[in-house]
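Read through the structure below, which is laid out as C-alpha cells, and then see the notes.
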Amino acid sequence: MRSSLLKLIAENLTIDRGGRRVFQDLSFSLSQGSALVVTGANGIGKSSLLRTLAGLVPLAAGTIRLEGGETDRLPQEQAHYFGHQDAVKPALSVLENLRFWQNFAAASVCEDFTGSTLSPSLVLETLGIGHTAHLPAAYLSAGQRRRLSLSRLLVTPRPVWLMDEPTSALDKTSEQQLLGIMNDHLASGGLIVTATHTELVLDRVETLHLQAADPAEQAPEEALL
Amino acid sequence: MTGWAMALFQRDLRLSVRIGGSALVGVLFFLAVVTVIPFGVGPDLNLLARIGPAILWIGALLATLLGLDRLFQADREDGTLDLMMMAGRPLELVILIKCLAHWIATGLPLVVAAPLLAIFLNLDPVSMGAVTLTLLVGTPALTLIGAIGASLTVSLRRGGLLLAVLVIPLAIPVLIFGVSSADAAIHDPVPFLTPFLILCALTLIAAVVGPIASAAALRFSAD
Amino acid sequence: MELGTHAGFIIASYALCILTVLVLVAWVRIDKANQERALKELAEQGISRARRVHESR
Amino acid sequence: MAFWDYANPTRFLRLVQVVLPWLIGFCVLAFAAGLYMAFFTAPEDYQQGNTVRIMYIHVPAAWLCMMCYTVMSISSIGTLVWKHPLADVSAKSAAPIGAAFTFMALVTGSLWGKPMWGTYWVWDARLTSVLVLLIMYLGLMTLWRTMDDPIKAGKSAAILTLVGALNLPIIKFSVDWWNTLHQPASVVRMDGPTIHPDILWPLLVMAVAFTLLFFVLHLMAMRNEILRRRVRALRMRAASVSRPGTAAATAQPAE
Amino acid sequence: MRSSLLKLIAENLTIDRGGRRVFQDLSFSLSQGSALVVTGANGIGKSSLLRTLAGLVPLAAGTIRLEGGETDRLPQEQAHYFGHQDAVKPALSVLENLRFWQNFAAASVCEDFTGSTLSPSLVLETLGIGHTAHLPAAYLSAGQRRRLSLSRLLVTPRPVWLMDEPTSALDKTSEQQLLGIMNDHLASGGLIVTATHTELVLDRVETLHLQAADPAEQAPEEALL
Amino acid sequence: MTGWAMALFQRDLRLSVRIGGSALVGVLFFLAVVTVIPFGVGPDLNLLARIGPAILWIGALLATLLGLDRLFQADREDGTLDLMMMAGRPLELVILIKCLAHWIATGLPLVVAAPLLAIFLNLDPVSMGAVTLTLLVGTPALTLIGAIGASLTVSLRRGGLLLAVLVIPLAIPVLIFGVSSADAAIHDPVPFLTPFLILCALTLIAAVVGPIASAAALRFSAD
C-alpha cells in the first residue's frame, strides 16, 4: 500500500563516554509501526544509545538514518526525546510550559506518518492534569511533572519517539494510559525506541538486550595508543 | 519574528521576570551600586561627576555578569537544552533570541534608569545623554560576549574558569570604549565619534561572533 | 497667598506629595476592586467560603 | 485570649469596617487644619523665606518613613515568634506605603535642597541613609513579589526586615562617621532659630495628619491583602476540586 | 526480650503545600522491624508524607515522635531520606561523594537498633559500582547514581529509612539487591517508610493506602479567612 | 575542627576549585574595575592614589556578590541541602563553615591580588599594606552578610541580582569603615585604630548574625 516505509536504520554504532567505550558496532533497523525495547543492566548503555539516536551524544563511529522521513531534516529533528529530565520550568504555569514546546519544536510529518496535532489543553485533560493547567509547574508532584513532560510528545507530531524509562514515577493508571498512548503512536505509523527495566505491553515489539562485552574489547583510546 | 522565535522570546522574558531578574530588580541593583560608590570615594560631587560614566558602565557590566552564567546552565540542568538542540531550529538564532530576551530583562532597564541615576552622580545633561547612548549601544555587546562564556561554562563542567578568562578580557574593550566615548562627549577636545563608532563596531562584531561561537560550544557540549 | 521667588519648588513638592498620596489611594482602591471581582467570579463558579463543611477544629 | 480573638482575620475585617470611616474623617480634618496653618498662619522664615513651607510635608514624611519601618519590624517579630498570618499581612502591606513616604521625604528634601544648598542632591549623612532606606523597602517588596508562596515569602521577608532593623542604626552611625570625616561643614544644615511655636504647631498637626493617613492606608492595604490570600486559597481549591481523584487523602491502614 | 521497642508514631498529621491541603489527620504507628509501604495515585501526597517525616515540609498540625530513640535528637536526625534527588555532586568522584556523607551525617544508634557502619569502598563494591569509585560522579548512569545515593544509607547507621520510590531507575538485579538490603535493615531492628508504585517484597510490611477524600474539607488557609 | 566540619570544609573547597574558577572570576572582575576607573578619572595620578583604597574596596564588594547566589542554591537543587538539614549538625555552624570555604575560594584571592592592583593605582607601600589589611579583615564580613541574601533567595532560580540588591544596603557599614580605616592609615592625622577596630567588630557581628539569620531563612524555605 505504502510507497516507501519509514525506517530507522542504525549501522555499526560505536559510542565513547567519559573516555570509555560504552558499546561497539551496534546495528539495528526498525520499521514503521513497531517499537524497539532496549533492556540491560544498569550502566550498560541504554540511555547512551537513546541519547545518541537523539543526536545528543556524538558518535565515535557509525551512522543513523531515517529512511522515508523528511530529507532536509536530521533524524533527531524528527524525533522526540523523553528522558529522565523533565524540561519543565517550575516558574511557568503548566499550560505555558506546554504551549512553549508546541510552538518551539518543529513538527515533522510525512506521508506515512499521520500523527495529528492536539491542542495543549486537550492533551492535559487527557493525561489527567487538566485541572493544574494554570498552576505554576513547581506545584506538581513527581508523577504529574512526568505527565506534563509526556504531553510534549502529543502536541507536536514527530514520527520517532525515544523514551528513556518512560514509566518511572507513574502510578498504575497512568502507566496503562502511557502504554495506550504509545500504542496509538505505533498505530498511526510512528516508531518508538525505549529503554526500560519493567515489562512494557506494546503491540509490535522488538527487543534489543544489551550485555557486557568482553572487557578486553572496551578500550576506546586504543586507536590512539 | 516567526512563531517559534516569538515563543522562545516570550518564554525567556517571562522566566526572567518571574524568577526575580525582572526590570525593577535590575534598576534597583543599579541604584544600589551607584549609592555605594560615594561611600567609597567620598561625597565630593566633582570627583563623582568625573568618574560617573565609569561607575555606570561598571554597574552595567556587573549586572550583566550576575545573571549570565545561568543563561544556558538553567536550561541544561533540567534537560531543556537537549530538547532545544533537537527542535529543528537554527541554534545560532536560538542563542541570539535568548540573548535579546536577557538583554531586555536586564540590560535595557539599566539604560532607561541611567539618566535618573546620573543625577545622583551630579552629571550634567550632556554627559547624561552621552552615557545613556553609549550604554544603549554597548550593553548588548556585553550580553553577547557573555553568552560565549556562558555556553563554555555549560560545556566544560569545570569551565567557570574559562568564563572568567575569556569573557572579562573580551568585555574590557567594550568597557573602555564605552567609558572613553562617554568621556569624550563630556570633555570637548576629544572627538566623540571615533570611540563611539568603535563601540558600535564592537557590538556588531559581538552580534555575529557571539551566537556562532556559543552555538559551537553548546553543540560540542551535548552529552 | 504669596510664595515668593521659590514658589516653583514649594508647589512642586506639594504637588508631588499629593500625587504620591493619590497613587497610593488609587492603588488600594483598584486592588480592592480587583480582589473583590475575583472573589465574585469564584463565587459564580460555585467556589466560595460558604461551602466550607467543618467550621471548627 | 482576647488578643487572639482580635487577630482573627474575619473579626479584623469587621473591625476595619467600623474604624475606617472615623479614621478617614479625622485624617481629612487634620490635613485641612494642617494645610491651612502651614500656608496661612505660619510665618516665613527669616533665612529661608517661603521655602520653609516645604518643611510641613518634608519632616512628617521623614518621620513616617521611619515609623513605618518600625511597624514592619514589630510585625516581623509577630510573624516569626507568634507565627500569626495577620502579622505577615501587616508587614507586607506596610512596605509600599513606607516606600512612598520615603520617596516623599526624598523628593521634598531635594526640592528644598535646590534653593537652600544650590543642588538637588548631596551625599550628606542623613540624605544618604534615607536613600538606603528606600532601597531596603524596594528590596523587601521585590522579595515578596518574587516568592509565590505567601507564607514562605512572609517568613523570608521577616528575617530580612529584622536584620535590616539591626542594621539601620549601624548605617546611621557609620554614615555620620563617614560624612564628618570627608565633608566638614560644607553642607549647610538649617541652624535657624530654635523652633518657634508658630512653626511648631502646624508641623505637629501635619505630623498627626500624616500618621492618620498612614493608618488609613495601612488598614486598607491589609484588607486587600487578606482578600488576595482568600482569592488565592479559593483558586487553589478550585484547582483540586476538578481533579479526577481529589486531594485530601484518607488512610487505610491494612495489616 | 527488649526493654523498650523503637516506635515511630505519627499523630494527626496535617500538611499544606503551596496553599493547598494535601492530607488531614493522618495517624499511624510503626514498630521496630517493620516497613510501612505508602501507596496511592500520583499527586496524592506520598512524597509529601515522607518529606514531612524527614522534617523537610512543615506540619500544619500533628506530631511525629520516635519512641525509644535517642532523646536528644529530633526524629529526622535519626532518619535517612532517600528521595528523587540524588544529592550527588557531579564534580566530585564517587568515593569523595560517599566519604563526605559518611563523615558529615551524624550516626544514630540505640540499644534496640544494631545497624553497623560499613566502609565506603566496601559498600560501593557490594552495590556493584566499586569500579567507578574514582570516576567523577558525572559519568554515572541513572541507575549507578541511584546506587551511589543508596550507599549513603549503609555508611551511616540510622534506625529510620524514608525511601521515596526506591526502585526507580534500578534494573532487576539491583532491585533484588535493594530489597535484600532493606530486609537486612529491618532484621537488624530498623524501620522503613517507603512510597512506591510497584510491589515490594519485604519481610514485615504494613500498607498505608492514600485515597482522595471529600474535596470540601481542604481549606488550609481557613485559619486566615 | 571536628571531623564533620573538616569534611564539609574540604568538600566545599574542592567543589569551588573544580567547578567554579570562582577565584579567577572575582580577581578578573576586580581587575576590570581597577582598569576602567582610571579611564574615567583621567591620568591624574595623585587623584588616583587618593581614591585607590576606595576603588579596591568597591571592587571587592562587587566581586564578592558575583558568586554568592550559588552558595546554597547549588546544594538545594540536587537535594543536598535537604540532607544537610537532617544531618544532625547545627545548621548555623554548617553555614559558617560554608562561608569560610567560600571566602577562601573567592575572598582570599581578592585580598592576595589587592597589593598587585594597588600598583596600577599608584598607591605607596604603606597604603598598599593598609588596604590589604582592611580587606583581609573586612571581606569575610561581606561573605557572611551575603550568606543571608543567598539563603533568602535560595528558592529563586535566578536570584543573583535580587541577592545583590538585598545585600548591598546591609554591607554599607562594612564598606564605610573599610575605606575610612584604609584612608586613615594613609593620611596620618586621623587615627587608624578606631575605624579599624569598628571594622573588626562589624566582622564579628556579621559572623554571629549572618549564620543565625541565614539558618532561619533556610529552615523556613525547606519544602
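By letter and in written order, the chains are A, B, C, D, E and F; residue numbering begins at 1 in each of them.
Basically, a residue touches a chain if its C-beta (ideal position, glycine included) is under 8 Å from a C-beta of that chain, and two chains touch if they have at least 3 such contacts.
The model shown is predicted, which means the values in this text are computed figures rather than measured ones.
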| item | value |
| --- | --- |
| Longest centre-to-centre distance from chain B, chain (CA-based) | E |
| Centroid comparison with chain D (C-alpha atoms), farthest chain | A |
| Rounded Å distance between chain C and chain F, as computed from the means of their C-alpha atoms | 41 |
| Chain centre separation (chain B, chain D; CA means) in Å | 34 |
| Between chain B and chain E, centroid-to-centroid distance (C-alpha), Å | 45 |
| Whole-Å gap separating chain C and chain D, where each centre is the average of the chain's CA atoms | 15 |
| Overlap residues in chain E, where contacts from two or more other chains coincide | 17-18, 20, 40-41, 43-44, 84, 91, 136, 138, 214, 217, 219, 222, 225 |
| Per-residue multi-chain contacts in chain C, two or more chains | 49 |
| Residues of chain D engaged with two or more neighbouring chains | 132, 135, 138-139, 142, 146, 178, 230, 237, 239-241, 243 |
| Chain B to chain A touching residues, read off their complex | 3-4, 6-8, 10-11, 14-15, 18-19, 77-80, 82-89, 222-223 |
| Residue ranges of chain F touching chain B (in the complex, touch as defined) | 18-22, 24-25, 28-29, 31-33, 35-37, 39-42, 47, 51, 54-55, 57-58, 61-62, 65-66, 69, 77, 153, 156-162, 164-165, 168-169, 171-172, 175-176, 179 |
| Of chain D, residues touching chain B in the complex | 119-124, 128, 131-132, 135, 138-139, 142, 146, 178-179, 182-183 |
| Touching residues on chain A, where the partner in the complex is chain B | 17, 51, 54-58, 73-74, 76-77, 79-81, 83-89, 91-92, 96, 99-101, 103-106, 108, 152 |
| In the complex with chain D, residue positions of chain F that touch it | 148, 152-153, 155-156, 162, 165-166, 168-170, 172-173, 176-177, 180, 183, 190, 195, 198, 202, 209, 213, 216-217, 220-221, 223 |
